[in-house]
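The structures considered in this document are given below.
Paired with chain B in one complex and with chain C in the other, chain A is shared by the two complexes that follow.
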Partner chain A sequence: MPYYEGVIKRKFKDLVGSKYEAIQKEYSEYILSEEELRPHEIKSILLPLDFSVTEISESICELLSVYENATVTMLYITDAQIHEIIMDSLDKDAGDEFLRKKEEYGTHLLDDYENCFESRGIPCKRRMLLGNKRQDVLKLATDFDMIVLPKCYASNHPDSCDVSGDAILLAQSLAQPAIIF
Partner chain B sequence: MKILVLLDGSMWSHKGALYALRIAQEKKAEVVLFSVLDKRDSKSMAFNFCTQSNMCSRIENYESQIWRDLRKNINDEMAQLLLFFNRKGIQTESKIVEGAVAKEILKEVEDGGYSLIVMGGYGRNPRSGGSSLFPKLLGELEVPIFMAR
Partner chain C sequence: MLTTIQLIALVVFIATYILIIDERIHRAVAAMAGAAVVVFLGIVPWDSMLEHIDFGTIFLLMGMMIIINVARQSGLFEYIAIRTAKLAKGSPIMVLILFSIVTAIVSAFLDNVTTVLLLTPMLLYITKLMDLNPVPFLLAEIISSNVGGAGTLIGDPPNIMIASSAGLSFNEFITIMGPIAAVDMVLVLIIFLAVYGRSMKVTKEEKGIITKTINSLDEQGAITDRKLFKKAVTVILLVVVLFFIHSSIGVYLNVIFPFVDPTLALEPAEVALIGAAIILIWSRVQPDEIFEKIEWTALFFFAGLFVIVGALVNTGIIEMVSQYMISMVSNQFEAMFVIAWFSAFASAVVDNIPLTAALIPLIHDMSATMDVYPLWWALSLGACMGGNGTAIAASANVVVLGVAAREGVNISFMQFLKIGMLTLVVTVSVGLAMLYAMFGML
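So, the complex of A and B:
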């Protein structure tokens, strides 16, 4: 008997045929089908990054090398709302300077992660955008098989952060498997 | 590499174990299948049942039966996964402990030298909910957490 079918039969061994199907339909929020129980093939991975990420995690690069044919897309986001507030409350130059500094940091971070992945033979892509750190990740996540999220992502206090609210909310809202590090 | 797989009897945590298997095969990792049984779970399930059914005179019977069922379910789960992992050539150990779930997991991680923790994305909640254990573990642990979905 195939493994997945066996697991389901063992869990619901007192139910047979149409009764099982009826229960599965009624309790579909709780029950996984045979297909859903099977781990997904991981071919595309999204790694959101921002200013709160202060160091490269070699162990994450190592872990992702498990997924041989997967491409990692690194996404560095600068908060558009803060940029706008600076523009409105100060001036355009201050806004541009804010953006320049964040993107300069982002470029270094993406370079370092790119080295980390490429040294392990993991293909990667990079993207940088001005947007909403939570909403944009949720929007883009649908195109990926797995999300890998730094645990202080989008934190305003990266130096003293154990875990950020946005990282928890994102991890709990995603429909894909996720690694939080 | 050593991977801790958290099992709570849900199909999501079972799926997590299957993701862990893939990682263990690639990385030649050692796996520990770990489950915590908390007496408060069977107490709360028995109490809910008694208040909904107006049959509270038998609450102690319900509680001990639920406790037996929880234990049997997780034992079966562990045995099946252990066999499956061993057949795949993965060095695997299983552990079932009793106590408060978060506390016991933190204790295990602290003592175990793990590089990854794997858990179901929803715990025993429906797929629209989230595991309440997850934020607590994330705040306390340095080890990456894999949430299976």
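So, the complex of A and C:
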């Protein structure tokens, strides 16, 4: 019925115009794409964290629970460059104090995320390192099937950022599928 | 024998309606071109042109478009879609029932096109998760939108046009058409479960996976602006309350402000425009952004139709048809029967908006010889339920079928016709029987 299909197409175009494309874009932000709907392929997930993550996202825990049998590795990174600058410009004690505070925060954050994942039956591992927030993620990412990035990852202004530059750059550079939340 | 002027008016009317059905030219352009011809030839003189355009309909649609477009920006519809999906708990039958009921309720108070445009992507997503044929779900959504829209004055364009022209109130619609829409909605669900119920089976394991995936959707994340969301919901509720009391608002206002005349009544269009003004002031949304989103093509389409039908009124064609109808029917019972069934089947071919535009002056003309009050309800029933007859009978049908086609789901004309005609016959039969009972004709 080519005539019928043509009429529907014309009427749809006249009634809806370009509204549907805008709606599709809005929906794509929170419903899974075809690619994301293949959970069996994802066995290992990397979740980089840093001090810019100020609260636990229950929705990301819920989302990752879809990937059955996948292990989430939480990786808390403290910026080694800043640590070095503090050591050079102040002294070793100030550097150690900086590291201690960041690691203390990181431990709390990892504890909270661990609870969030375990309450949903998601196996998880935790790591903490002093390094480069972008380069280390890129290096380690090769061992994982998917990377999940906090939207303000590595941002200096987590309260006012929409999406951090590092989160965008990582998502663009990674070969694996990435979710920014 | 028709005079030349009558013949021209009739040819313009028929040609425009064919163009509207075919849509090779945009329906608004077709209606405006037809209107231009009758104005140019003096069949509808410029001075009387504005009298033919029903501004009650135009402004009501415009006000509701403003409210809906502001509400849309907050993510309200996406929130409703996700909440509905979660409530179904992975059961296909529950998805069908809940989406149908939610579509019917939202369509009863908001624009059908926007409702289905925003709910269909979610429905397609869920059926994809369930690995089930989406066609029954989409058909149920279309039919529910048309049935739900029939229940209120603002639910469907034919009702807006009828109410504005005949001066019917929101409460009259909800007390007469509301129960009919509710009963018809139950029947529609029974029909769908009887026809498609067996094919909607998933295993327990699949149900668990579906539930888990749907639960991972974040309805709070769908709300793009929390403050705007609350304001939009508040204004929509306020507008619904105002619709309920629009015909007796003076009585309520007089209690608070004694200087207000207790006989004061608001037109439905005034309510919609007041709601639009409130939401624009309160939300602080840029008005130019919202005014751009008003469907001007739809408003010009309506205006053009009113002028073309005005040409039939001016040339006496409507009067001739009305005289013929009166000679064919001997009482209100028969007139209601003819109007309901004619408008239902004609809507299925023409689209219920232009059909209603043509039948309204006809019923006005019949008022010289009989009480036409029950006939308005027969027209409302036929035009709204007739929208289910074919794929092109109502705007909601075209929108859902268009979205489905874009996503690779094709619903054939015959596939739609089978369930659409069955629904049309059942809903109009039951609705007409209820109307007869309400007006003491049974």
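Assume the second predicted complex is superposed on the first by the 141 of 181 C-alpha atoms of A that agree within 3 Å, B and C clash if a C-alpha of one lies under 4 Å from a C-alpha of the other, contacts with A are read in each partner's own complex, and residues count from 1 in each chain.
Going forward, a residue touches a chain if its C-beta (ideal position, glycine included) is under 8 Å from a C-beta of that chain, and two chains touch if they have at least 3 such contacts.
No experiment lies behind these values; they were computed from the predicted model shown.
Applying the stated contact rule after C-alpha superposition, one finds that A:Lys151 touches chain B and leaves chain C untouched.
In the superposition on chain A, A:Ala167 makes contact with chain B only, not with chain C.
When the shared chain is aligned, chain B and chain C each come close enough to touch A:Ser59. In the superposition on chain A, contact of A:Ile23 is made with chain C only, not with chain B. In the superposed model, A:Pro177 lies in contact with chain B only, and not with chain C. Applying the stated contact rule after C-alpha superposition, one finds that A:Lys9 touches chain C and leaves chain B untouched. In the superposition on chain A, A:Tyr105 makes contact with neither chain B nor chain C. The residues of chain A shared by its contacts with chain B and with chain C are 7, 10-11, 29-32, 37, 59, 63, 65-66.
Those residues of chain B that touch chain A in the complex are listed here as 11-12, 14-15, 18-19, 22-23, 26-27, 76, 80, 84, 115-116, 121, 126-128, 130, 134-135, 138-140, 144-149. Partner chain A is touched in their complex by these residues of chain C: 21-24, 26-28, 75, 78, 82, 113, 117-118, 121-122, 125, 128-129, 212-213, 215-218, 220-222, 224, 297, 391-392, 395, 398-399, 401-403, 405-406, 410, 412-413. Within the complex, the chain A residues that touch chain B are 3, 6-7, 10-11, 29-32, 36-39, 59-60, 63, 65-66, 68, 151, 162-163, 167-168, 171-172, 174-181. Of all the residues in chain A, the ones that touch chain C in their complex are 1, 4-5, 7-16, 19-20, 23-24, 26-27, 29-32, 37, 59, 62-63, 65-66.
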